[in-house]
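Okay, so subunit A shows up in both of these, paired with subunit B first and subunit C after.
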Partner chain A sequence: MRVYCAVAARGLRRYSTYRAAVAAGLFTNSVFGVINAMVLLALFAARPEINGYDAEDAVTQVFVAQGLIAVVAIMGSPLELGERIRTGAVATDLLRPVSLLGWWLADDLGRAAFHLVFRGIPVFAVGAFLFDLLIPTDPWRWAAVAVSIALATLVSFALRYLYELAGFWLMDTRGVQTVAGLLGPIAAGMLLPLPLFPAGVGEVLRLLPWASIVQLPAEVFLGKDTLPGGTVLSGLAVQAGWALALFAFAAWATSRATARVVVQGG
Partner chain B sequence: MPPKTTAVPARACVEPIIEAVGLGRDFTVSEGPFLRRRRRTVSAVRDVDLTVFPGEIVGYLGPNGAGKSSTMKMLTGILSPTQGRVRVTGLEPARRRTRLAARIGVVFGQRSTLWWDLPLRDSFELTRHMYRVPAADHARRLAELTALLELGPFLSTPVRQLSLGQRMRGDLTAALLHGPRLLVLDEPTIGLDVVSKSTIREFLLRLNAEEGTTILLTTHDLGDVERLCERVVVIDQGRLAYDGGLAGLRASVPSPRVLVVDLVGPAAPLTVEGARCVRVDGPRQWLELSDNPARVIAEVTRRHEVADLTLREPDIESVVAALYRRSAATAG
Partner chain C sequence: MVDLLGSVRGGRDVRPRRNPAGTPVRTYLRLAWTWCRAMAQYPASLVLMSLATSLGAIAEIGAVLVVYTHAGRLAGFDVHEGLLIAGLATTAFGCANMLMGSVESLGQHIRTGTLDAMLVRPVSPLVQMATDRFAPRRLGRILPAAGVTAYALAAAGIDWTPGRVLALTVFLVSGTAIACAIWVIGACLQFVLPDAREAAHSVTYGGQALVEYPLSVYSRGVVRAATFVVPLSFVSWQPALYLLGRPDPTGLPDALRLATPLVAVLLCALAAATWRFGLRHYRSTGS
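Then we have the complex of A and B:
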């Protein structure tokens, strides 16, 4: 366990050295959030309610999504695993007496913790300053939000890990990354809240694991009854279910990958 | 360092540290353009029998693509064999990879296990957690290795700023901090200057002598082999071509001794019975001997004015090259 804490601390410290990148990210997320919010306000000016969402719900979700963008990293900043598989450097990772999955999880959680504090919270604060956001007052709701963000981070990690683990079979995962980088954020509800999709499409997207990354945390934040099962607790249960299922699959795939491993390069 | 520094006991009653029988690995490769891609099986390693006992230093030699790296990967558990069986420290490497990793140290000369963005000291600290070394043992061992490998001046430098020689010494330290019984080195001196090479060689000899650490190394640097290895294993085209002592390797392939003659001035290539002039560089000439050197030397000094004479034993490089040529001829 100590080693994973040390790895997470290293992940956190590593990102803290890129200050210019943090500032640029904050600026981009804020600007994009403002544009996105204004488009949605224009939409809701024409229709006061869409599938259980009103203007305040939608704008709040925009800034929850912008706050989570760097934390769950679903739009980029891939793990280095894929690149290490492609170059064969993963050989040195496999020669360590630690679990590959645990190692990368610890590294990514360190990164996510850093981004939550230095990107997520400031971007949300910018949104709260500029717009009327629905901010929970119940302390239990805030506890649920914290759990939901943690679960979103785990689900997102497991998916990104699987994209890159595919490198053991495909040798080059850039194709997977491109497709997942495009479809992931849409299915997550990052670009547009899922209730605003045409009926049917939104329902299908809700059944996929990506919804646990942004849509469900946003609905937990808002305390919406559009959550699966209708309550915050059942929403969290769905997220936890996806996290468990994806980690089980990732652990199985890791053992398959390393059993038939072909480490590239001499 | 481990408490025991006993001498290597008699082999009959010692478990081998590496035992491979009929070890082989096939790869399936896809070739050709996208739509007419064909699959073909290539064997990288075939029928390798290798037994290494604790305390040995074994050089594993072969040209590029001979199967050295594939063998190393099978021994360390990051590649599963398709034929034969292998045990390292009593464990089956591919199935017990993480357990084995705690017992052995591995350095790939062309890949670092250190963390690019961390100071060397922090990389070692992370290594300590990984191998669960108690803090006191870690501090003592790090102090010893720091002294032996002269790491002191750059312990706080981030790895990306180290020279290749410094990085390699750092990698060796990281591989040895948990006191492994077996050290596997893949081209440990690649790209290093003479001084760095020599530091590393002397260190390895000392490690082997004082702690009885078994060392298996691949190298293209035959200086490494001559300085370090009593035993060499040569692999070519995936098969073992030689396994035995360094002296035996020389004897197995006829390669002549060379007499280097410094004349007082430039001259036409010398013609002496029992010798053949192979190279001329100003007043210096190289004569390949096929006869008793004493007689050739007497003949040369009688007929020419000689400033200096050196007799060179065949170097291991030409011996191995001859061995590769011979195994290529028998295979073809």
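Then we have the complex of A and C:
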């Protein structure tokens, strides 16, 4: 366990080195948040309520989503596993007496923790300063939000790990990354909140794991009854279910991949 | 560089022509074509990535459509007028992303030292940078955007005159030029802060997101900033107002839309000056 803590701490420290990148990301996420929020405010000025969402709900979700962008790394994956598989450096990773999945999970959780504090919370604060956001007052709700963000990070990690693990079969994962980087944010409810989508599309997207990355945490934050099952607890259960299923699949795929891996040079 | 050896050999001018590769445009096309051929080595990957890029663009325009479907009229604009604005914005930024988008890797070139390698080659570093990893898949973004623009132009009830047809061409070129200039100026920030790649996204991808909707949606300050500070409004908003023949609902003078080509020329000049300034003050990362 100590080794995973050490890896997580290194992941955290590594990202804390690039301060200009943090400031740049914070600025950009805030600008996007303001643009999206203003468009949605104009929309809700024309129609005060859409599928259980009002203007405040939608604007709050915009800033929850912008705050989560860096934490769940939805626009692109900073895991280096795919590149290491391509170059063969993954052989070094496999020599270590720790699990491949656990190693990269620890590394990513360190990064996520750093981004939550230095990108997620500041972006949300900018939103709360500029717009009227619905901020929960119930301490239990905050606890649920914390759990939900943690589960969103796990689901997002498991998905990104699987994209990269595809490198064992495909060699080059850039195609997978491009597709996932373009379609992931839409399916997650980052482009528009899922309740605004046409009825059929929104329902289908809700059944997919990407909804657990942004849409469900936003609804837990808002305490909406549009959550699957209608309550915060059932929403968290869906997220936990996806996390478990994806991790089980990732562990199985890892064992399959490492059983067949042949690294150049012997 | 002084050709010392040449003068020793009897003063004959054996210096190579200043630009052996031809004009910048020809060099650009040649380098871009090289990358296209490289990408075509993996045809399945190229097709899939182009399709994914198209889907991304379609989803973005779909989001605009969803907003208008719910709202009916957004800030006084109906769905066809809205699609025209979104189409013009996506087309211009899509073209600019394909032509100049690669310049945003400047920080990475500085960090890894590949910029130094570009500087010793007898080809404009900006052309080399813009064509580096030239991605033909970005065409997948332009085609749906152009299709939507064409549809909206037909459906928005525009009173076509020869002047408007000419203006449309001028607007499309100007919009792309403005977006290219914004990309270059944004990338120049990385001469100072090589890690700050994402900051420029606020005016490139963020700029596109901003001008996909009628500017009357935003607050007064945002409209002024998008007109006079970063002239994003000339990419889609001002052209659309001209084509639709509508007065400016944000209270700015209607004559402003006629300034679009002038803004494009000035902004490109500014981008060239910024790039030169950045390059002059660039000192390699050392050893």
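The working rule: the second predicted complex is superposed on the first by the 262 of 266 C-alpha atoms of A that agree within 3 Å, B and C clash if a C-alpha of one lies under 4 Å from a C-alpha of the other, contacts with A are read in each partner's own complex, and residues count from 1 in each chain.
The definition used in the following text is that a residue touches a chain if its C-beta (ideal position, glycine included) is under 8 Å from a C-beta of that chain, and two chains touch if they have at least 3 such contacts.
Since we're looking at a predicted model, the values are computed, not measured.
Asks: Evaluate whether subunit B and subunit C can sit on subunit A together after superposition, giving fit or clash.
Replies: Result for subunit B and subunit C: fit.
Asks: May I ask for the angle at the C-alpha centre of subunit A between those of subunit B and subunit C, rounded to a multiple of 10 degrees?
Replies: After superposition on chain A, the angle is 90 degrees.
Asks: Determine, under the contact definition given at the top, whether A:Trp169 touches first (subunit B), second (subunit C), both, or neither.
Replies: After superposing on A, A:Trp169 lies clear of both subunit B and subunit C.
Asks: Could you say whether A:Val98 touches subunit B, subunit C, both of them, or neither, answering first, second, both or neither?
Replies: First partner only, subunit B.
Asks: Is it subunit B or subunit C that touches the larger share of residues in subunit A?
Replies: Tallying touched residues of subunit A, the top partner is C.
Asks: Quick one: classify A:Trp142 as touching subunit B (first), subunit C (second), both or neither.
Replies: Neither subunit B nor subunit C is touched by A:Trp142.
Asks: Would you sort A:Asn36 into first (subunit B), second (subunit C), both or neither based on which partner it touches?
Replies: second
Asks: For A:Phe197, using the defined touch cut-off, is the partner it touches subunit B, subunit C, both, or neither? Pick first, second, both or neither.
Replies: The answer is second: A:Phe197 touches subunit C but not subunit B.
Asks: Given the touch rule stated above, what does A:Ala89 touch, subunit B (first), subunit C (second), both, or neither?
Replies: first
Asks: Subunit B to subunit C: minimum CA distance in the overlay, Å?
Replies: When the complexes share the chain A frame, the smallest subunit B-subunit C C-alpha distance is 7 Å.
Asks: Indicate the residue numbers of subunit A shared between its subunit B interface and its subunit C interface, in ascending order.
Replies: none
Asks: Spell out the part of subunit C that touches subunit A in their complex, as residue ranges.
Replies: Of all residues in subunit C, those touching subunit A are 42, 45, 48-49, 52-53, 55-56, 59-60, 63, 66-67, 69-75, 137, 193-199, 201-202, 205-206, 209-210, 213, 217-219, 222.
Asks: Please name which positions on subunit A make contact with subunit C in the complex.
Replies: 18-21, 23-25, 27-28, 31-32, 34-36, 38-39, 42-43, 46-47, 50, 172, 174-175, 178-179, 182-183, 186, 191-192, 196-198
Asks: Would you pull the subunit B residues touching subunit A in the complex into a rising list?
Replies: Checking each residue of subunit B against subunit A gives 27, 64, 69, 73, 76-80, 94, 97-99, 101-102, 106, 108, 110-113, 115, 117-118, 122, 125-126, 129-132.
Asks: Inside the complex, what are the residues of subunit A that reach subunit B?
Replies: Per the touch definition, subunit A meets subunit B at residues 2-3, 6-7, 10, 14, 17, 88-89, 91-92, 94-99, 258-263, 266.
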